[in-house]
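Questions regarding the structure given below will be posed in turn.
Going by the order they are written in, the chains are A, B, C and D; count residues from 1 in each one.
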Amino acid sequence: MRWTADEMMTVAAARALVGRTSCFVGIGLPSTAANLAKRTACPDLALIYESGTIGARPTRLPLSIGDGELAETADAVVSVPEVFNYWLQPGRVDVGFLSAAQLDRYARINTTLIGPDYRHPKVRLPGAGGAPEIAASCREVILVVRQNPRTFVDRVDFVTSVAAGAWVITDLGELAPDPDTGELVLTRLHPGVCVPDARAATGWDLRVAATVARTEPPTGTELSALRELLAAS
Amino acid sequence: MRWTADEMMTVAAARALVGRTSCFVGIGLPSTAANLAKRTACPDLALIYESGTIGARPTRLPLSIGDGELAETADAVVSVPEVFNYWLQPGRVDVGFLSAAQLDRYARINTTLIGPDYRHPKVRLPGAGGAPEIAASCREVILVVRQNPRTFVDRVDFVTSVAAGAWVITDLGELAPDPDTGELVLTRLHPGVCVPDARAATGWDLRVAATVARTEPPTGTELSALRELLAAS
Amino acid sequence: MAELVSLADGIATLVGDGDTVALEGFTHLIPMAAGHEIIRQGRRDLTLVRMTPDLVYDQLIGAGCARKLVFSWGGNPGVGSLHRLRDAVEHDWPRPLELEEHSHAGMANRYVAGASGLPFAVLRGYRGTDLAKHTATIAPVTCPFTGEVLTAVPALRPDVAVIHAQRADARGNVQLWGITGVQKEAVLAARRSLVTVEEVVDRLDPRPGATVLPGWVVTAVAVVPGGARPSYAQGYYDRDNGYYRDWDSISRDRASFTAWLGEL
Amino acid sequence: MAELVSLADGIATLVGDGDTVALEGFTHLIPMAAGHEIIRQGRRDLTLVRMTPDLVYDQLIGAGCARKLVFSWGGNPGVGSLHRLRDAVEHDWPRPLELEEHSHAGMANRYVAGASGLPFAVLRGYRGTDLAKHTATIAPVTCPFTGEVLTAVPALRPDVAVIHAQRADARGNVQLWGITGVQKEAVLAARRSLVTVEEVVDRLDPRPGATVLPGWVVTAVAVVPGGARPSYAQGYYDRDNGYYRDWDSISRDRASFTAWLGEL
């Protein structure tokens, strides 16, 4: 089977959840990957959405983080204050799964605005939502973001969330933080992608690990599960 | 019908709830009176117990504040943190209904210990429970206490709760705070009780209002309802 | 006991110009019909409070009802931008909109503090972010036992909270279930409250996961079947995802939005 | 995922000498059988945490398991005193008992802070009382927005929380309903947890008012039918009010208590 770069990204992100017990899921790309993981290698993974649904098992991909099916299939539905205070804040969730509109080399995330002026931005984005505390409170943070110079920027226009130490999965490969400096370093490339592709898609001078791993292509099972998931939505 | 002093006290306390919407109920004498009120003049009164039962309608008198029937008949059952934080603390409950082991003339309540030494008291009592915050947070506080010199003391051995401004209903009559000094003043006597009786039952030099009202005796309806309530328990 | 009112009377009585108004409902049970009635009655200078502004606030903002928005995530979930919100922030149309911006955790805790009668709430939040630079209602607070510095946010105490619920009984007891969001906190934090419901029933049968707001903490109840559309009411109707997508084009330019407003 | 264990193994593995242990259950679902097993295994120097000590702590204290009690109301509900607790405080028998004494509101908020990963909680509490004179874990805290002085209490973080619930499924998801007290908070605040249940079922059907603790936040589950007696388990058995009255005479003197202990 052939696949798209987006499919490879989602499959790689789903694989990253193997061995994890619980995942706090942001909407969009992270939600697709988390739901794919639950259908493939991680059937017992507890998906937690900020709407208060804990252990949800949606049959189709939720359009919003508050879809009715999340509540109907969850182990528990709690209030929004409770999901943030009792579940997220104490650090009991293994992985936080987020996306970003802008991202810098230290995994500072911007989802607030584009432009220099907070009062009158060029583009007003949705804002913080759950991200600042998801990024700060989960034991591990994984960002799922399409890699291009508009998103991977030298300097974010606004620091909405700090995902220092996070690992980034993109449509081109993966970046991991340098243990000393925290700078994101290219560590893995998806099939058919080369280092210059990744550099060209990055708005800062991208560092590349001494050894760059190569992602296994999506299996037929992974691709079928993903396409089924998207088709049902 | 004849009645006992305790019955008169409970009936008087139940009458005190007329016109109130909600009552936070302590265990013991207050619970009997609140349940009687609900069966007589105040059928719509919302009884709130610290176990988290809001709007309970027990068919018999609960032995504890956490009896199963309270949960089964309540409008809502909430967690113990919620009942204190969302329901009691903001002052949304009309009346707090408490009792006391010791009480001074400023309605300071002791339910902690008897004796001078906190580390080794003569008698260790149960402690605070919900009382400090019930006394401080309800719009109005009513104490239901048997009047005798062991309970109505010149100085409490421990200030467990401060019910300043509370009104006290006893087996002899009623005391209300002087609007200027806050000192409890005898304002009402039950049938057959005289001022010297009340003075003799009080461990401080009891002030008596210029006009002391006389409580209406319990009606047949009130007494029947009370006895039925107690018999069913 | 809550009073049973019509939606028009409820909004007329409970929502005044200049009020701080919270319409809550986290994706589920969004009080859309109440928002429309506020627009129809021409309220002005509102401070709108809501974690996720959604279509209902895009509409109120586009209609010029709002002076200020207190929020934590202002998008069209699963679709994209709220174009009327963006137009107000980016171009002051139809009027400038002041923003007071928090994270979800901060907003949720602000409602909790309001519902609890406390002046502030404490959380581990906002660390390293630029939010505190622009939002005055974020401050440090020190633990008196450990010395650790945490974040404080002040209580939200709206003048009026408006929510939508599945049902109420004749005494005004309100029952909602499914994703319950921050609706209980919003009602308990507010000075007044209006609850629109799908129906009034004789008896509220207990439901798994249901939240019940006793009638004595609710100011008024209005029966408004479908009052959450295009959001959803679990057990009554589904989310109209198509309308959320359609709103993107309706709201994208001022002319089509104004036409929509004219037909409201 | 929670491990399914026997009660004896669960206590042996999870409760150690010197631990801070919270057995919770507010009148309802008190983990009595677990308390008895702690006595049988001869644990010593425990710091016992519980809002309402009740019979189970009277027994643990009388058996000499406890060094310290953290609590807010220590009586036999509807009956009178806890005589073993009194004997320990009044006469150091069988050993001295240190007290850390709070109000219910304070204790409940201490668990909330523990469950929330915060070092402290804020409440309007203890005002004018003598409690703060004797309890070091009560301190003032100032609102950074209004300047109002409120009360802070530190988080409870027990080494182990033990609760009793109606049922669990094979994955260790735990469901309890009726009066739910502070059990969720106690489990989420503790480093380890043991949940005794009436039964393990294939599927946890949703129940009105039920709290569910997912298996991934519970350390171990033990099936102990009747494990809350003489307290009650809603839907399974009623409170044995007679036993609460009987306990008054069993516990009143050391000899009859010691005889009871010998038969445990």
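Here is the rule we use: contacts are C-beta pairs under 8 Å (C-beta built on N, C-alpha and C of every residue); 3 or more make two chains touch, one makes a residue touch a chain.
For clarity, every value in this text was computed on a predicted model and none was experimentally measured.
> Among the remaining chains, which ones contact both chain A and chain B?
C, D
> Count the touching C-beta pairs: is B-C or B-D ahead?
B-D
> Approximately how many whole Å separate the CA-defined centres of chain A and chain D?
40
> Taking each chain's centre as its mean C-alpha position, how far apart are chain A and chain C in Å?
Each chain's C-alpha centroid was found; their separation is 28 Å.
> Mind pulling the residue numbers of chain A that touch at least two other chains?
Only 85, 89, 137 qualify.
> Check each residue of chain C and list the ones that touch at least two other chains.
Chain C, residues with two or more chain partners: 112, 117-118, 123-124, 184-185, 209, 211.
> Using the touch rule from the top of the page, what pairs of chains touch, sorted by label?
A-C, A-D, B-C, B-D, C-D
> Mind listing the chain C positions that touch chain D in their complex?
For this pair, the touching residues of chain C are 117-124, 137, 139-141, 143-146, 148, 150, 152, 154, 206-210.
> Once bound in the complex, which stretches of chain C touch chain A?
26-28, 51-52, 71-75, 77-78, 81-82, 85-86, 89-90, 92, 101-105, 108-109, 111-112, 123-131, 134, 178-182, 184-185, 209, 211, 232, 234, 238-239, 241, 244
> For chain A, which residues are in contact with chain D within the complex?
Residue list for chain A touching chain D: 21-22, 44, 46, 54-55, 75-76, 85-86, 89-92, 137.
> Taking the touch rule as given, give the residues of chain B at its contact with chain D in the complex, in rising order.
Within the complex, chain B contacts chain D at residues 27-28, 50-53, 62-68, 70-72, 77, 79-81, 84-85, 88-89, 108, 112, 118, 120-133, 136-137, 158-162, 164.
> Considering the complex alone, what residue numbers of chain C touch chain B?
My answer: residues 1, 112, 115-118, 171, 173, 184-185, 188, 211-214, 216-217.
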